[in-house]
Amino acid sequence: MGYAYYPGCSLHGTAKEYDMSSRACLDFLGIQYRELPDWSCCGASSAHSVDHTLAVSLPARNLTLAEQMNLPLMTPCAACYSRLRGAHHALRSDPGLAKKVLTVLGSEYKGRYEPLSILDVLYQYGPEAVGEKVTKKLKELRVACYYGCLLLRPPDYAKFDDPENPGKMERLVETTGASAVDWPHRTECCGASLSLSDTKLVVSLATSIVDMAVRHGAECIVTACPMCQANLDMRQRGRTKLPVYYVTELLGLAFGLEPKRLGLTTHMVNAISLLRAKQLA
Amino acid sequence: MIRVGVFVCWCGSNIAGTVDVGKVAEEAARIPGVVHVEQNKYTCSDPGQDSIRKAIKEHRLDRVVVAACSPRMHENTFRKCAASAGLNPYLVEMANIREHCSWVHSDMSVSTPKAVDIVRRAVAKVKRCVPLHPSTIPVEKRALVIGGGIAGIQAALDIAEAGYDVTVVEREPTIGGRMAQLDKTFPTLDCSSCILTPKMVDAASHPGIRILTYAEVEEISGYVGNFEVRVRKRARSVDEARCTACGICILKCPTSRDSEFNMGLGTRKAIYMPFPQAVPNKPTIDREICRHFTAGKCGICQKVCPSGAVDFSQEDQVLTEKFGAVVAATGATQFSVEVYGEYGYGRYPDVITGLELERLISSTGPTDGKIRRPSDGKIPKTVVFIKCVGSRDENKGYPYCSKACCMYTAKHAILLKEKIPSASAYVFYMDVRAGGKDYEEFYKRSQEMGTRYVRGRVSRIYPLDGKLIVQGEDTLLGERVEVEADLVVLAAAMVPQPDAPEMARKLGISYNQYGFFSEAHPKLRPVETNTAGVFLAGTCQGPKDIPETVAQASAAAAKVISLFAKSELSTNPNVASVDESLCSGCLWCSNVCPYKAIEEKIITERAGKETVTRTVASVNTGLCQGCGACTVACRDGAMNLLGFTNEQILAEVEALCL
Amino acid sequence: MSLDWQPKIVGFTCNWCSYAGADLAGTSRMSYPASVRIIRVPCSGRINPVFVIRAFQRGADGVLVAGCHPGDCHYSTGNMYARRRFLIARRFMEYLGMDPARLEIHWISASEGQKFQEVIKNMTDRIHAMGPNRKMREIL
Amino acid sequence: MLHISKHNLLSLLTHASSSWQVFCPSKQGSTVNFGWFEGTVDTVAIPVNSCKGAFLPQTEELFTYRGTPETGLSLTGGFDGQKPVLIFFARPCDARALTLLDRVFLEGEYADDRYRSRRARSVVVTVGCKSPLDTCFCTAFGIGPDSKAGSDVFVYEDETSLYFEPLTEGGAGFVAAHLAYLAEGGTPVSVMEELRRAELPLAGRIWVEGMAEMLDSMFDHPVWEKMSARCRGCGACTYLCPTCYCFSVFDAPRGTHGKRYRSWDSCQFSDFMLMAGGHNPRPTRKERVRQRFMHKFNYGVKRQGDYLCVGCGRCIRACSVGLHAASALFDLKEAGR
Amino acid sequence: MNDLREQLKEAVASAFSQGRVRSFVCLERGFYPFATMPAILHSGSDADRVEIGLADAPLLAKYLLDMPKPAGIVVRSCDALGVSRLIRDRRVKREDLYIISISCPGVVDTAKIPMSMHRITALEKAGDALIVHTALGPTELPWSSVLLDRCLACVSGAASTDADVVLDDGRGKPPAPVDYSEIDEVEHMAPDERYAMWEKEFAKCIRCFACRNACPACSCRKCSLDLPEPEWLSRAVILPEQFMFHFTRAYHVAGRCVGCGECERACPVGLPLMKLNRKFTRDIETLFGVDDARIPRDVEVLGTFLPDDPEEFC
């Protein structure tokens, strides 16, 4: 068994560290995966506002490739996850569309496997089992888990967790020995898609999210979305700056992996100093 | 030889305007078996009906086809007409050449041949009609009311007043239902207990009413006039006859749990009365928590009881009784608002539901009528009300309007202002629905008292520094709204009881997609069900407020009374019928019968020189409603539906395809 | 096929919903093609799939089976059985080579006169385009 | 002798079908069946059904009527002008069976019009049986792989060619009409010899001499009970039997018009003898199975002078539970001892 | 094998001697020495006739209908399903039956033995091969190549456990899944092509009712298709009626077909009847989430429903 691994474009660019840390964690846990050969862009953030068939065909191509490998497709990127899930859902529920997409792709997508987020994969592995692999407890690290939009919405198909009151990320994070703070803005939108077109608005959104985390005692934010990470990391303007980690970075740390191997040196807000201060890195 | 008479109706110009009636009559005359055809301007009129009667006699007709309007309109009229001429009424068939033909086609060249086909169909069918005779069944003049809330109490009182015996079955230890939990009632703000408890006492003391509390209906079989009902009366562990309701047992009981009556905002003992005015006014032991039952220890209540009423050895009683009619008044429950993760109910103690607020306002409630917020007991200064929680929401709740919430929220806002004049109230709403006598005025009054109505949904509630931050949108202003509240009240929707589908199955009635019981007709038969003899009262049929519930309960009672006024009932003769010679006795037909009307019967017959017994299906014509699902399940062709037989339908198909 | 050829559609409708829906189309004077001839049965659960084959045998170009919406059955569950029966029977007829468009199953309530009208219009159009049915049909 | 290369057979038949209705074996799905020629022919296998359907179709329309007695009736659907029937590649048993059917439909007080007109100008071309099946036992009835009774043309088959020997005037006419396809010369002596010597595996086990007389006293014998116990009551044996000829006549009324049909019927069906009043003289399988074999081996001999069985073995192949003429003859013999 | 036969004979004899049965249906040696046929025994002394049935073994369940009760039967798992079918259809009562179940390595279909090998004198199973003895000497054929079609979708070669006596020699054929590829093929045809195919098949049908009479799910006292009124089926063997017959037959066993294939085996003209039955079986499995629709259940698939059955009508 195992999974087809779909990094997506972000993980080859701005979110390189997410790719690094994801692979590091999967390798460490011994989860079998193969990078989807000849994968292509899922069309996230723009295709679906342009052309519905295109927006489904792009992810469908990757889904079909994975299905041909007889493997479920897994991606760390929340935006890719959203597009893949959306296409999977659309193709399974709309035979007319499926036919159209078939003519585009030339091969049929049967939808045997649900596309997964890396969080699903870790969850399938089991939080307890993950916890058993932790060698370095991230004790006294207070973390605000931040889900953003794409993992949870629209709930028709995103379905990673309860869209209004999720908790799966907290459970994973707590396996590392860190404590997850209870805070309200876990599912607030950070505005990433407007990052360039309405920067002012985005700054205020990002800042209010980080501030709220600070008010609830968080020392850092953890996310599973390259868009959120980049946006929060870059656009926060509050008095206290919080580092924004990928969930796989924290897990990697807890597994005792080298911060460099996890890409922790590539953050905007210094991601190492907090860890140093806590003697975690 | 069969002698069919065909009566083609002009219906003034309704038919004759677009169908060549003369041509239809001419063609009808050519159909084998038709011996008489005539046309009438209005066949349903007195002269029209006379002509049918006359023709039956003159032409010795033994079958009649009336080509006119829909059978749903006049089938009964013409059946009666035929009966008055001595013809069995079930030998009449209608050809619907008006609704299905003249009214929907304007071109005579297509409507006329179609009308001819329709007449052919009717003739083909009527030739295979046989005389049918309704049978009669006796009526057991005792009513069962399931549910002892205000609906059940009202229905029981009305039926008993008419002189018939009523049994009320209530699963809680007391009657009273939801209404007993309420503090005040809108729009008059009179005290709920003050108007309910006298009725509870009336019911309890009425000689015609027997109340079985702590009891549940387990099974209902039989049919209108003759239901057989099995009721399980759970062991109360208290001898009701001996108990004097002194209350010492309750006082001394060492075990307690959250009080259901107080919506978990207070506690009650293991031996308890849900509330002081409970009827019957006798305690009940909750065996789930009572230490005598859980640990085999304790027994204090038994020791302290001055009259020796506590009886740990009491056992459930199972009663099986006959009733002629059943009123379902099983009520509704409150939507599980935890589904709305954004409101944080369950995580934040100061987010409560409307019913919980009722208990906080009520002087018999856990705070003695002082509104205190659950987290720290502080008097709230700012209260946010959110309406449509679970209702009018296809994503998380139900699409329907829960109907009473607008008014009870207005009531809550008014009561809040009365109790805490300095408090401010915000109501987030989608629409305010105040249709009802004095309702709009009541809503206005809540506004006038300073309640701020914000049209919009709340997107998130989170605690911050001891407050609840309520984020939402004012869609009228197009702005985000943020309120720092001390208490948030969710107007949770009324939803069906979780076991409503199971109850519906016991009753043999249908329910809608949500679980509310379905009435026979939404407009014209609102308290009847598709199962004769089963009537509906109150919120089990859909969300309702108290006045509506009481009105419907009385209506259901009236239906029961008019049923009981007859000494026997005649049944629909269009029922299933078994040809025993063909029946293999597989009984698969009984599986699909919604009325459990098909039973197993052992017959004895001669086969060659031997006498053998075998099983066949047998239809209880009192139960059968004539749906015909069994006929299709029957491969043998043994099961048929009188009035819609296989022979008839196949002949109709053939006639239409000629 | 002549230009004015009109398909012959046999409609089996339940008494309580779909027949009443057709009545409502009538009282509302909603015109539709004169292709359909209705056989009234108490419930869609009374409609034997074999009746459908018989209709095709005898010369129907199309067959409509109509009942109350699931959940609204006058007899509470008749249409649920009808749904099961026709889910498989329709597939089977198709498997035998019958064109699926010639058998339609619809849920039409007593208040859906307009839906009845539309169903008949659409069905007639489709079958008109296909021409007369020859499959399973006896020649007389 | 005139002969034709096997390769040319199809063109001969195609030509023949312009003036004849050709009834021949062809592959139909998993089996080879007799049927009207549709461009293919199978000369190897012995078909599962017999060729009786060419003269007594399983279902035939007798007429179509219109109108009512009141308005006047009209009948249509006459039977004439059809091409004569050519049975191509009957087996000797099939040809013999046709002579038995002829006695029923052509002799006696009433001759059946339909049967007669089909049979009148028909030509039966029979091929000698070079490789009889495990189920063949025609020799028990005095037939053999080279028997010519009932045939108009007899065909000898060697590896490459078919040799035509006309036996009757009709047969000669058929051969004459197809001379273009036939070459002169040679006598298939070795084939004739082979046919004479061909051995039937069942021949030794089946015994019919005196069977009719023996059965006279066996009407109430318990063997019928035993034999019929495994009968499933279908009509496969009778419908595939070349000598069974029972039929029924019925109407298919459609309003004021309709058709009258004649269809095969089977004595093995429970309702075969059902009377209008509900009485059934053959209520159980015992009576029905007895009827079938008594008819074949006793009544037939008495009425028509011959066993109504030609040992073709079709019932052996048809029956899923091994109840057939051969097993019946065997069991009856055992029982009658 | 012989061991199993000896055990079976003993079990049958003791069923009689213990008074458990008045009659017993089993297989016995047929007219052809290598084939078997049904036998209904009435006394323990007949137990010697009992055969296991190497080739062309008919299924026996339906004989129970007319046998004096209590009646015994020896079943392989396919026949056990037929018995179960009759019990669920209430045509026989379990308490009136005495069931001996046997394991089964598969049954030979002699029609699958090449024609060149006719004049079979004996058949013999040797490991994974069938040895065909003819006058010309023995020939070996692979066992799997000569099995009856029903064995190719065998539910289980092990002896059924719902029996009074279980005789299992451990040599039962492993279960095999139903191969639906034939159904796929038909489904992939165009409607007209499909119709033409069935027209051709049905044209062969002689309406002898062998399929119906062999079927354990067709157990009506009186088949509705035989009724003169209402005339569901005309006696005219013409194509429209052939469609009516085959539709009705298959529909009447839909959801109740045990997949034994006895109809197809009984059909003298080789109609692919299981192609009809299996269409229903598969649709029922996929539409209604039924797991192996061949197994008889307490409630028939068409005798129940789920509120969320697929909704493709609107």
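Labels for the chains are A, B, C, D and E, by order of writing; each one numbers its residues from 1.
What we mean here is this: a contact is a pair of C-beta atoms (placed from the backbone, for glycine too) under 8 Å apart; a residue touches a chain by one contact, two chains touch by 3 or more.
Treat the numbers as computed from the prediction; the structure is a model and nothing was measured.
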item: Set of chains whose contacts include both chain C and chain A; value: B
item: Neighbouring chains shared between chain B and chain D, ordered by label; value: C, E
item: Touch-network distance, chain A to chain E, counted in steps; value: 2
item: Comparison of C-D and B-E (more C-beta pairs in contact); value: B-E
item: Most distant chain from chain A, judged by the mean position of its C-alpha atoms; value: D
item: Closest chain to global C-alpha mean, per-chain Cα centroids; value: C
item: Rounded Å distance between chain A and chain B, as computed from the means of their C-alpha atoms; value: 49
item: Approximate Å spacing (C-alpha centroids) for the pair chain D, chain E; value: 30
item: Averaged-CA centre spacing for the pair chain E and chain C, given as whole angstrom; value: 37
item: Chain B-chain C separation of Cα centroids, rounded to whole Å; value: 31
item: Multi-chain contact residues (two or more partners), chain B; value: 592, 633, 646, 650, 654, 658
item: Chain C residues counted as touching two or more neighbouring chains; value: 49, 54, 58, 71, 77, 81, 85
item: Touching pairs - complete list by chain label; value: A-B, B-C, B-D, B-E, C-D, C-E, D-E
item: Chain B contact footprint on chain D (complex, rising order); value: 68, 71, 254-256, 283-284
item: Chain C partner contacts - residues on chain E that touch it in the complex; value: 186-187, 191-199, 232, 238-241, 243-244, 246-248, 250-251, 254-255, 276, 279-280, 283-284, 287-288, 301-302, 305, 307, 309-314
item: Chain D-facing residues of chain B, complex; value: 30-32, 120, 608, 654-655, 658
item: Chain C partner contacts - residues on chain D that touch it in the complex; value: 64, 254, 257-259
item: Chain C - residues contacting chain D, complex; value: 58, 140
